[in-house]
Amino acid sequence: MTATTTTPTRTPPPERSGRRGAALLQRLVVVRELGILAALVLLIGITLIANPRFLSGQNVRDLMLSAAILVVLAAGQTMVIITRNVDLSVGSVLGLSAYATGTLLANMPGTPVVVAVLAGMAVGALCGLLNGVIVAVAKVPSLVVTLGTLYAIRGLDSLWGSTSGRLQINATDLPAGFKDFGGARVLGIPVLFLVAIAVVVVVGIHLRSYRSGRELFGIGSAPEAARLSGIPVGRRVLVAFVVNGALAGLAGVLYAARFQTLDTTAGTGLELNVVAAAVVGGVAIAGGTGSAWGAALGALLLTTIGTSLPQLGLDPFWRDAAVGALIIAAIALDKSLTDRLAARLRGRNLRGR
Amino acid sequence: MAVDTSAGPAAPARPSRAPRTLPSGSVITTFLVVFLVVAGFAVDGFASSRNAGFLLLDVAVVALIALPLTLIVVTGEIDLSVASTVGLSSSVMGWLWFQGLPLELIVPLVLVLGAVLGAVNGLLVTRLGLPSLAVTIGTLALYRGLAFVVLGDQAVADFPRSWTTWAISSIGGTGIPNVVLPLLVLVAVTAVVLHATPIGRSLYAMGNSEDAARFSGIDVGRTKLWLFVAAGVVSALGGVYWTLRYGSARADNATGVELQVIAAILLGGVSIFGGSGGLLGVMAGALLLASVRNALQLVNVPSDVLNIVTGVLLIVAVVAPQVTGWARGRLASRPPG
Amino acid sequence: MAGAPPAAPPGPADGPAPVLALRDVTKSFGAVAALRDARLELRAGSAHALVGENGAGKSTLVKILAGVHGPSSGQVLLDGEPVTLDGPAAARAAGIAVIYQEPTLFPDLSVAENIFMGRQPLGAGRRIDKARLHADCAALFERLGVALDPARPARGLSIADQQMVEIAKAISFEARVLVMDEPTAALSGVEVERLFAVARALRDGGAAVLFISHRFDEVFDLCDTITVMRDGAWVATSPTSELTVDQVIRMMVGRDVAELFPKQDVVPGEVVLQVEGLGSTGVFTDVSFEVRAGEIVALAGLVGAGRSEVVRAVFGVDAYDAGSVTVAGTRLKGGSPAAAMAAGIALVPEDRRQQGLVMELSVERNATLTRRWALSRFGWLTGRAERATAADWTQRMQVKAARLSDPVATLSGGNQQKVVLAKWLSTEPRVLIVDEPTRGIDVGTKSEVHRLMSSLAAEGLAVVMVSSELPEVLGMADRVLVMHEGRLVADIPRSRADEDSVMLAATGQAGAA
Amino acid sequence: AVLLSAAACGGTTRGDDDSAGGGSGSTAEADPDAEIPSGLSVAFLPKQLNNPYFSVADGGGEQAVGEFDGEYSEVGPSEASASSQVSYINTLTQQGADVIVTSANDPNAICSALDQARAAGASVVTFDSDTDPECRDVFINQATAEGIAETQIDEMADQIGGTGQVAILSATANATNQNTWIELMTEYAASEYPDMEIVTTVYGDDEDEKSFQETQGLLQTYPDLAGIISPTTVGIAAAARYLSGSEYKGQVALTGLGTPNQMREFVEDGTVTSFALWNPEDLGYLAAWAGAALAAGQITGEEGQTFTAGDLGEYTVGADGEIVLGDPTVFNADNIADFDF
């Protein structure tokens, strides 16, 4: 029984060009996001032809404002989805945080904006902690848990509203400083949008270049392998939920700042939009791949569809249908790209031998 | 084959007859029964036949759609577009009725439409290999959008009394709605398919490991495709029933019902990752959700609290087995004596 | 010394205190006692082998060393001090690197990240330095002779490549203790040789090596000490020099094992399986062969030659784009395993965890999955019919399982493999295709599998066997087909098949066809 | 096609006599002098709970119920859907409520449930949004549809000088009363102000964000837009907020139906000149009294019957069981300070 160790005649095959593989991988990442970007540019182009005023200053600002909230939510959701989880409760968390912030500001008009923002984020983080603890400690599927908290947090929100006797918080109830924050611009760009961009950059860099970020990918890619390689799976997932909750809380504050009128239904039904934005942006629902930039682009694309379809003269009734068709087109495109890459990897593998 | 087992170290495995594990869903079913009994005594008006009728009417569509969706979830997929299919079927039904077609023709046409809608989902999932959660988030928006395209802001409401009354009236004077009988038949058929046929076995296999199922000769793609088609047809049937029950065909009918159906399925102990769970639990889950709401409404609990209760119930349903399993594990691993 | 090994505990006869030791470790999963008072001592600068039958508890022991499981009782000693390894991270911090029996990679991450997860080199602002990450990985691969691109994702790697990545990862820790649970099961000679070279270098550098394998040649080649386990309990520990293969086997199994390759001579009958011009772009081209009733045909070749892909295409799990498969004169519909099964083909796939078994389902459901239609009456399938069939077949295959209703995942690797065999043999096929049928199977069972294959062939079954184990190929096959880079390059009859002829063809150096 | 026509001959088609129709109609005699029994249970079932508008209206109802010494309750779904309303109506039926006061999310979908409630002895009053007249006893109309439509068009014409493009920002596409008003507005504008062009109707779904975005879309699509009419409180507030923060403030006129509390800021900052609404508190108040009158037998819902609605005085049942609250109030900078709801 020595045959397996005979004839070590084969010399190690020539090193396969590392450049090419790296380039390929790089290209895939770029292409994924480029595809969405291209769709976005195409949509804007067509809309511009139909309505040249589409890119007027006011309209672009409005677009940014509308997108800001979804972008923040999508960035947070990306972290969670990458770990092979999902957080369906973000719409409810946004509602609760917006209402809490609004109540705080209405009762204490002297509260500085920063404190209001932190308070909103704290409310969100608390909700995220609840989700995260249940998911990570009890080891139960996040879809179920967050479906539960979707109902429960919304119920809490409206219960608060109906017992506090303040069903709606109007612009008049909010202090001027906060309202200014909602309308403020830097170099013509709405501050709310800048906040969203900052969030995306921070989350994006963390996911790409930090050990703890990479570990999130590991967890989503193969949970068992993550456990065996000593990654603190529970803690990482918990933190992802807390951060996502805090970002949903931040989105609640942005919501309050932007609309300045809120009741306890704020953000209802938003969860599917957020998941859709992430998925359109190339974040795989099965975990392990995706980027915050992609998700942000997805959010931007969905928002742009919302505002551009009416300008293309499309009957408003068509809007939902178009959004749905676009989501499907986006994931189909993404799939065909990844398939092509996988096929190429396979072919190379054979040749390399 | 002649194998010398006398000296073999391998103790031949015992057949598993002795300690049978409880059938899945028995916990939730027990819970349901306890709840019904308690509520029957504690809640005024809960245990009347009229209330039972209301309750069953409320749960009918959710239970109906839960049937095919349970099979889909067992295979590890999901269909979020079911409620939108209900809406689109309802719209199309209204539109066709408005065009003067007879209901006897409309109903089969709508069912065919449901099959087509389901097939679209199924083909996208099985042929293109797209994740069903993402696909059906897309068709959730698409089908609902098409429902509005068909009927816009109109409502078609002049359906014949004979049909609409059938949908809400009960068998004889029993208080049990007419719709319960066909529903029970469908439940029985689905239960047999899932639990006592080779098809059911293959559903569990592919839910746990698609690869292993394919390597065992199971045509995973085709099976899933047919399940999505079935979900489409049944949802369309739900659309027809919904339209008749409320006597109103509208594009926004059954908005959000998908979450109720999924809540029932998850409450019933079906794993969202596929491969485990049973129909008994799902039906119990659907009934439990509806009766808790009903009982709490009867004692004037506000709807905010109802939502909280629903959410907590869902979480408890998944966490509880985890906790008891953990506790049992602690007991078992304690050194004997 | 039939089953009565020296009972003396491995004393501290010579050398320093063991780096890592297990003392009277017991581990039970529910009612199953996987380890009973197991003990082990690993010393610096020594390569230690752990052998035992399937289900003897080797992997469980490894997982205790790795901190994955905590012992139910007993102690783990590090440098003579008791320690609690409460997680893989703790074991790693203690200087223990582990290669698990089944590769555990992150398919979406690059190979380099897989290796350095959690230890990626950092640059400015504690950000990961990608360039250095890839350079470090490339250097490591160079050392092991692995030809993989550090930047490619792990998804799509063959089992062998995955195993190599796992090895690279374990090596990269520069650990004091290197534990390898059947690292060579999927590897062929070249890779094994390289692995051993590295392992020896580490050992000579003062590391303690624990090596688990069912291939005794490897054990005797690499290790200086052997520990034998049986039924979760320690049996013996001896220097390799004092043992022979037969002694080891007797201690493992508790009896003598019959001839390893009991090939019966048969006269081949009709052509049952005919494969003509089969091709799949980028994978394999123009593969033609035929198999007669009673014949055992081996498909040999280096890892990655495309053997598995050919048999998968024949069975219809993978689609092909040229050629045809004919069974007993009837052409098969491509891409349909159901059609292949109907025609009488059975395929025991190479990856039992992904392809062979539904890990969460019970042993009985798995064993009868292929027979679900046959066992049902008018489409009605009862658990009782399944239980009876499963009990029958698992008994025939000597599957060691506590209960047939337990998930198959709780079985040891070898016992899982037996369930896969049971699942397919119970379909009573005309053509049996087995892909690495004895991977990870212990000697006793292996000879049973071989005897079974050979007697089934004698009864008229046509067998196609893909195997990377050359002795198995030479011992079992009536004919050896050799593949090289996706092509069939040689067809060698039993009489002319030997190590040289097969290896020459497999490395692409023989023009003979 | 053969199949189609064949089936059409024998099947149940639209226009068959079977179609909905032929309701019960009350036969009982009304006794205008009947006493309102004490302890009447009166349940308010709005379109949606926690909706500020319905909160105010139900508050009026609560006050009325207190005045005639009944038991008030408010129940309802947290999302505005007809099917959840049905479930609440069923619960009320089971509880044996004496009076159900509701605003329908769908004119037909809750009909059969209301029928069952009436069969079980409840009196049914609809307010704000009516059902099919057969399914309820009386409907409290906040104002005649004509009155509402004409007031809004007149206000708009006043502000834009009777010429220019005008868009409508409505609630959901299915909202019954909005659709009726829009139809009447279009007719009225065409006949009275031929230079005023109603260019489109968009739907904000009574969601603040959606309404906000729709406003923004309108201004992009119609650069020459002179004014926006939003016959829904959510819509007008969102539109006003958008306008006040944009370059269109003061350029594009906005009117419609809004609550003084929400609109006060925009009237004061000049974004909005005037808008209209009835007093929702009065609406609920009247509805409760009408319910009590029904339960007491003072009225049965026949045209011409009269009853007294507490402080609001005497009301007469009109055709189809409709009771009109009165003309809407127009709010502007001069009078807005007098209202708080």
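Residue numbering begins at 1 within each chain, and the chains themselves are lettered A, B, C and D in the order written.
Following the convention adopted for this analysis, a residue touches a chain if its C-beta (ideal position, glycine included) is under 8 Å from a C-beta of that chain, and two chains touch if they have at least 3 such contacts.
Please read these numbers as outputs of a predicted model, since none were measured by experiment.
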item	value
More contacts between chains, A-C or A-D	A-C
Where chain B and chain C are represented by their mean Cα positions, the distance between them in whole Å	42
Distance from chain B to chain A - Cα centre to Cα centre, in angstrom	29
Residues within chain B bordering two or more other chains	148, 152, 256, 302-304, 306-307
For chain D, residues contacting two or more additional chains	49-50, 78-79, 173, 203
Pairs of chains in contact (touch as defined earlier), listed by label	A-B, A-C, A-D, B-C, B-D
Of all residues in chain B, those that touch chain C in their complex	1-3, 5, 7-17, 19-21, 192, 196-198, 200-202, 204-205, 208-209, 211-219, 275-276, 332-333, 335
Complex interface listing, chain D residues touching chain B	3-4, 7-8, 10-16, 18-20, 49-50, 73, 75-79, 81-83, 86-88, 90-91, 93-96, 106-112, 132, 172-174, 179, 203
Parts of chain D lying in touch with chain A, wherever the complex brings them together	49-52, 55, 78-79, 173, 202-203, 207-209, 212-214, 216-217, 219-221, 223, 237-238, 241, 245-247, 261-262, 264-265
Chain A-facing residues of chain B, complex	80, 124, 128-131, 133-135, 137-146, 148-149, 152, 256, 259, 262-263, 266, 271-273, 302-315, 317-319, 322-323
Complex contact set, residues of chain A against chain B	134, 138-141, 143-145, 147-156, 158-159, 162, 269, 272, 275-276, 279, 284-286, 315, 317-328, 331-332, 335, 339
